[in-house]
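In the two complexes that follow, chain A is the common piece, with chain B as its partner first and chain C second.
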Partner chain A sequence: MSKQPKPPKPDELAKSIEYKTPETQWMETPVKFKPGMWCYGSRPKYLEEVGMPNPREWSPADDDWKLPENWKEIVLDGMKDRLGKYRTFKLFMDICVRCGACADKCHFYIGSGDPKNMPVLRAELMRSVYRKYFTTGGKLFGKTAGARELTEDVIKEWWYYYYQCTECRRCSVFCPYGIDTAEITIMGRELTNLLGLQTDWIGGPVANCYHKGNHLGLEPHTIQSNIEMMCDDIEEITGIRIEPTFNRKGAEILFVTPSGDLFGLPGIYTCMGYLMLFHELGLDYTWSTYASEGGNFGFFTSNEMAKRLHYKIYAEAKRLGVKWILGGECGHMWRLVHQYLNTWWGPPDFLEVPKSPITGTVFENAKSTKMVHVTEFTADLIKHGKIKLDPSRNDHLKITFHDSCNTSRGMGIFEEPRYIIKHVARHFYEMPENTIREKTFCCGSGSGLNAGENMELRMRGGFPRANAVRYVHEKYGVNMLANICAIDRAALPTLMQYWVPEVDVCGVHELVGNALVMTGEKKRTMDLRLEPLPGMEDEEEEE
Partner chain B sequence: MPVLEYGKTKVNVDDEGYLVNFDDWNEDVARALAEKEGIEELTEEKMEILRFIREYYRKFNYFPILNAICHHVNQPNNCVTTQFVSPVVAWKLAGLPKPDDMIINILQGETPD
Partner chain C sequence: MGALLSFGAVVVLLLIPAIGAGALKLHSLFGVVIPYLAVIVFLVGLINRVIGWGKVPVPFKIPTTCGQQKSLPWIKHSRLESPATGGEVFLRMVLEVLFFRSLFRNLRTEKAPGDRVVYGSSKWLWVAGLAFHYSFLIVFLRHLRFFKQPTPKIIGIIESFDGFLQIGSPHLLVTGLVLFGAVFYLFLRRIFVPQVRYISLPADYFPLFLIMAIAGTGMLMRYFLRVDIIKVKELTMGLATFHPKVPEGISVIFYIHLFLVSTLFAYFPFSKMVHLGGVFLSPTRNLANNTRMVHHPNPWNYPVKVHTYEEYEEEFRDKMIAAGIPVEKQPEPREEEQPTEESEGKE
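And now, the complex of A and B:
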């Protein structure tokens, strides 16, 4: 595999962005694979492990992609099948009037200046093929009707650009027709996956998740050990020993979070926050070492793969006999729960409508999924005064909040995390209005793009988000970027180090863990990162 | 297959210099791997970290949480990055096979400069 270069220095990269009209029409502009802008092809073993087609060694940098002989037939049949199966796909192929409202809303277009990253044109890459083979106008009038032949170069172009879209759906917010361009990217990925054109970064986690239950490939005893290590740290900080349970039948609640929270930094601090909160509440809950992943990279592969990987969460809830499921700070997990689950299987009838055992609140909004987002759960606790908080412990932080694309645009969680932050900390500042809530800018690395080899792409795509962070950093001295997504916690630290190195990244429940006053705890002198809590050492000296 | 030599020690490594057989590791091998990475001396602090990583990996088939390493060897927080710059270098010197890209990314979180 050819090694990809590192991106240029931030100021050079910023200067390189140009919004110029191309010299040739888009159909006459061949795709050029720029270094640092694409991911490696999947190793065959990952495809074999989950039975996906055409496993082989291949590189996107090669001329020959080793496609199956009848590749064209496979793609066109796949397209026909999906046009029949998914009404949205058919609709979105037909209705765009090319008004251009979406054009400058995409973070990849803003950060790259490449016209094919305008959502309208990215979709046109597929619409042109749709017209050629599935519409009378396209069949008769060809190019005049905006239609073109499906060739290997078209497949390469699809692949290059459908992996330069994070399926964040910001463009859809501005589309007067409500076209969900992410669905077109999803279809682009489904169709190219029929030819074995998976990326390594997505293929690995999918295979891991299928075998071991989580993207990182953590085995059951390792999950338990990692959580116990976090409990060691909590004991050092608070003097309280937490003993969570694993795979416990008969628990009231199953807790599921992305596996990044069980291993990565700063994910584990968020996880420590959950552990502390649930312990303090005396919550009757259990972890599962089988349903050990909230995220679902299958979603970046195909609908069927997403379904396969998602099923284990509910299968485990049934096996353990829990009443309902509480889910951690994750992004695309919630899009699947909120927007796909019921279409796949209908509401799970073996679970109860979630009811907080602490406040008695019935989560009517989760009636059909039986799964509550942890920020909904915690915001409800605070609203009812059920937890004691000392926000001064977060006084050294000036916090802003990044809405994750999936939880904001995918399920409308805007207020809960903000409500929590405002109660666990005293310095909160919003980024500009057009960069938050439903108009939030993507981290630039979602939907399986947070690899190492496409770093330039990630830094370009994350530029608008970073720019808004820089604005509040310069204006208010913001030094912490809070979020509720594990991909954000993995991707944003790199993005911040590149564009705004003064700003660190944390999950919302890390802030909760810091502020939470626990029964019988010792005086806090350290935060969850085992760093001294500013101000707290001085008080000790005075005493 | 590339061979790594250090004094009388000879072991097989892969194309990127990761040890092929986990059990070929000993402290001399670690020193040889370190030399390749431009680390001149493997101090006792460094060696302690490597021993713990190996012990953990043998049992859990995984790399330990970074904080936990420092905790267990009684060294200050961030001991792995202080001693080895990148946790992936510690991974390599401990004789573990090359990690998946996802793990490398999560461990390094490095600035693309």
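And now, the complex of A and C:
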């Protein structure tokens, strides 16, 4: 595989962004694969491991993509099938008026200026083929009706642009008909996956997750030892030894979080926050090494693959005999838990309606899916005064909050994390109104695009987010970007390094862990990152 | 290009009745047959489209949530932007359909000095969109006076409001002008906003030209080339009561107007204008954000291949035991194998 191209310098990149349109009409403008803007093709073994079609060595940089002989038939049949299965797909092919309201709402368009990154054109890439093969007007009038032949070049163009969309749904907020280009991208990826056009960065986690239970491929003993290492750190910080349990039958609650929280910085600090909180509460919960992934890269592959991967959560809850499930901080995991899981595998009648054992609150909003978001759980604890907090321990942080796309526009969880932050910290500043909540900007690396080789794409896609962070950094001195998403925690540090290096990234429960006053703890002199707490170091020396 | 093509098409559409009804005097064809056909195509076509969409299942409940979900009782739930019940969804749809709520959010993204981007308010599309749709609606309703004898009161009321300026004789009706102006704005926007021009197809210009031509011929008839209203009403009442007759002496401008309207009707179901029906069916807007409260079934949910816990344990049993993680099955089979026996593992 070719070397990873480095993105240009930030100021050069920013200067290169121009919102101009090419001389030639978009259908006459062939796709050009720019280095740093695409991901490697999947190794064949990843496809084989989960039984996906056409496994082979291939590179998107090659002319010959080694498509199956009857690729065209496969794609057209695939389209026909899906047009009959998804109302969104059919309707969104038909009703766009090309008003352009969505055009400048996509972070990839804002960061690249490439007109095919306007959501409406991204969708037209597919619509033009739809018109040609599925509408009378398109069959009769061809190009005049906005229709075009399906060719290998079209497949390449689809592939290039459907992997420059993070399925963030920002466009759908602004569209007068709610047309969600993410739905089209999802179809575009399903169709190209029928030809074996998976990316390596998605294929690997999918295969791992299928067999080992999580994207990172952590085996049971590694999960356990990783968490024990976090417990060592917690002991060093608080003097308290935590002994979490794994795959324990009869626990009241199963806790599922994205595996990113178990490995890598700053994810593990968030995980330490969970561990400390649950310990302090004396929560009767268990981890699972089998259902060790809340996230789901299958969703970036096909609906079927997503369903296959997310089987484990309910299956494990049933096997362990827990009463309900608590879910950690993750973006696409929660889009799926909130909008898909129950439809795929529910209703889970073997579980009980979630009830907080600490406050007695019954989570009516999760009464069918039986899965509660950890910020719902924690906000409820704080509201009832069930945990003791010392927000001054976060005084060294000036915090802003990044709403993740999925939890914002596919769930609507805005207040819970903010409520928590405002109780565990004292310096909180919102980014400008048009860049948060339902209008939030993507990190630029969602939906399986957080690879290394497409770094320029990620930095461009994350530009609007970084631009807003820079604003609050300069205005209020913000130095911490909090979020509730494991992909954010993996992707945003790189983005901040590139655009606003003074700002670091954390999960909300890291802040909780810092502020949480635990029974019997020693005086805190370090935060969860084992860095000295400002104002506490001197006292440490006196001791 | 697309604009010229569409303009040409509309010119041809103007010429057809000018020749057909004007020179060739095919008044029954243009006054009766074509309008009837157009209405039939409109109704059958639109119903077909809507049924076609309706037949496609909604496998997942995927509203785009634009506000706080309903969760804990003390957290303020955004009922209109993240509706949790059917009633709330209905209200959200009312806002969308009657007030173009989503379009109202529109922003304009611009590069600012210092390599930044800023987002300015941008409501003109919303204003023009509303102006266009409402004036279209009112003009449409006003026309019902030609199909009802005596003219319904409500139409009289609409008209008196519409003519509030009391200029000229007959009174100038504001909506006609607004309709023309709004459509013209939408057209200019398509030509002058580079992004919008880039995405525009002939099918985007055509309805605009067609509606401009309809509004134009309409106003021409009302204010300048006066047609014999009594005779026109005779014709339209004939159509409405299914006793068509074609009075002599209606000037050709009327036939042109009627033909353009017929074209609009017949073209409607196959054009982007079907969003009239589609907007009501859009799953990102018309579903409740309550999927964790109420199970949403997928009619085509099919079984898929999964990796079971048993397969997982089979692969990792030794490692799990070594790490003290409980397993279902101990490694060495004992003399009497009891597969149902549950092992507690090492605790």
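A few notes on this one:
The rule is simple: the second predicted complex is superposed on the first by the 534 of 543 C-alpha atoms of A that agree within 3 Å, B and C clash if a C-alpha of one lies under 4 Å from a C-alpha of the other, contacts with A are read in each partner's own complex, and residues count from 1 in each chain.
Simple rule for what comes next: a contact is a pair of C-beta atoms (placed from the backbone, for glycine too) under 8 Å apart; a residue touches a chain by one contact, two chains touch by 3 or more.
Just so you know, these numbers come straight off a predicted model, no measurement behind them.
More residues of chain A are in touch with C than with the other of chain B and chain C. Once the two complexes are laid over each other on the shared chain, residue contacts for A:H221 go to chain B and to chain C alike.
With both structures placed on the common chain, the touch criterion links A:K355 to neither chain B nor chain C. Of the two partner chains placed around the shared chain by superposition, chain B is the only one that A:P205 touches, whereas chain C remains out of contact. Of the two partner chains placed around the shared chain by superposition, chain C is the only one that A:T289 touches, whereas chain B remains out of contact.
Shared-chain residue A:R169: touches chain C; no touch with chain B. Within the superposed three-chain model, A:I179 lies in touch with chain C and out of touch with chain B [touch as defined at top]. Once chain A of one complex is fitted onto chain A of the other, the partner contacts of A:Y498 are limited to chain B, with no touch recorded for chain C. On chain A, the patch touched by chain B and the patch touched by chain C overlap at residues 219, 221, 225. If you check the complex, the residues on chain C that touch chain A are 1, 5, 49, 52-53, 56-62, 64-72, 74-76, 78, 81-82, 96, 100, 102-103, 105-109, 111, 115-117, 119, 125, 129, 193-204, 270, 272, 274-275, 278-279, 281-285, 289-298, 300-301, 304-309, 312-313, 315-316, 319-320, 322-326, 342, 344. Residues 59-62, 64-68, 71, 77, 100-113 of chain B touch chain A in their complex. Of all residues in chain A, those touching chain C in their complex are 11, 14-15, 17, 19-21, 25-26, 51, 83-91, 94-101, 103-105, 110, 115, 118, 120-121, 124, 136-137, 144-146, 169, 172-180, 183, 210-213, 219-221, 224-225, 246-249, 289-290, 303-304, 307-308, 311-312, 315-316, 319, 337-340, 342-344, 346-347, 361, 363-369, 371, 376, 379-380, 383, 408-416, 419, 432, 434-435, 437-439, 463-464, 467, 470-471.
Of all residues in chain A, those touching chain B in their complex are 6-7, 9, 40, 200-201, 204-205, 208, 215-219, 221-222, 225-226, 229-230, 232-233, 236, 260, 263-265, 268, 450-453, 455-456, 459, 490, 493-494, 497-498, 501, 529-531.
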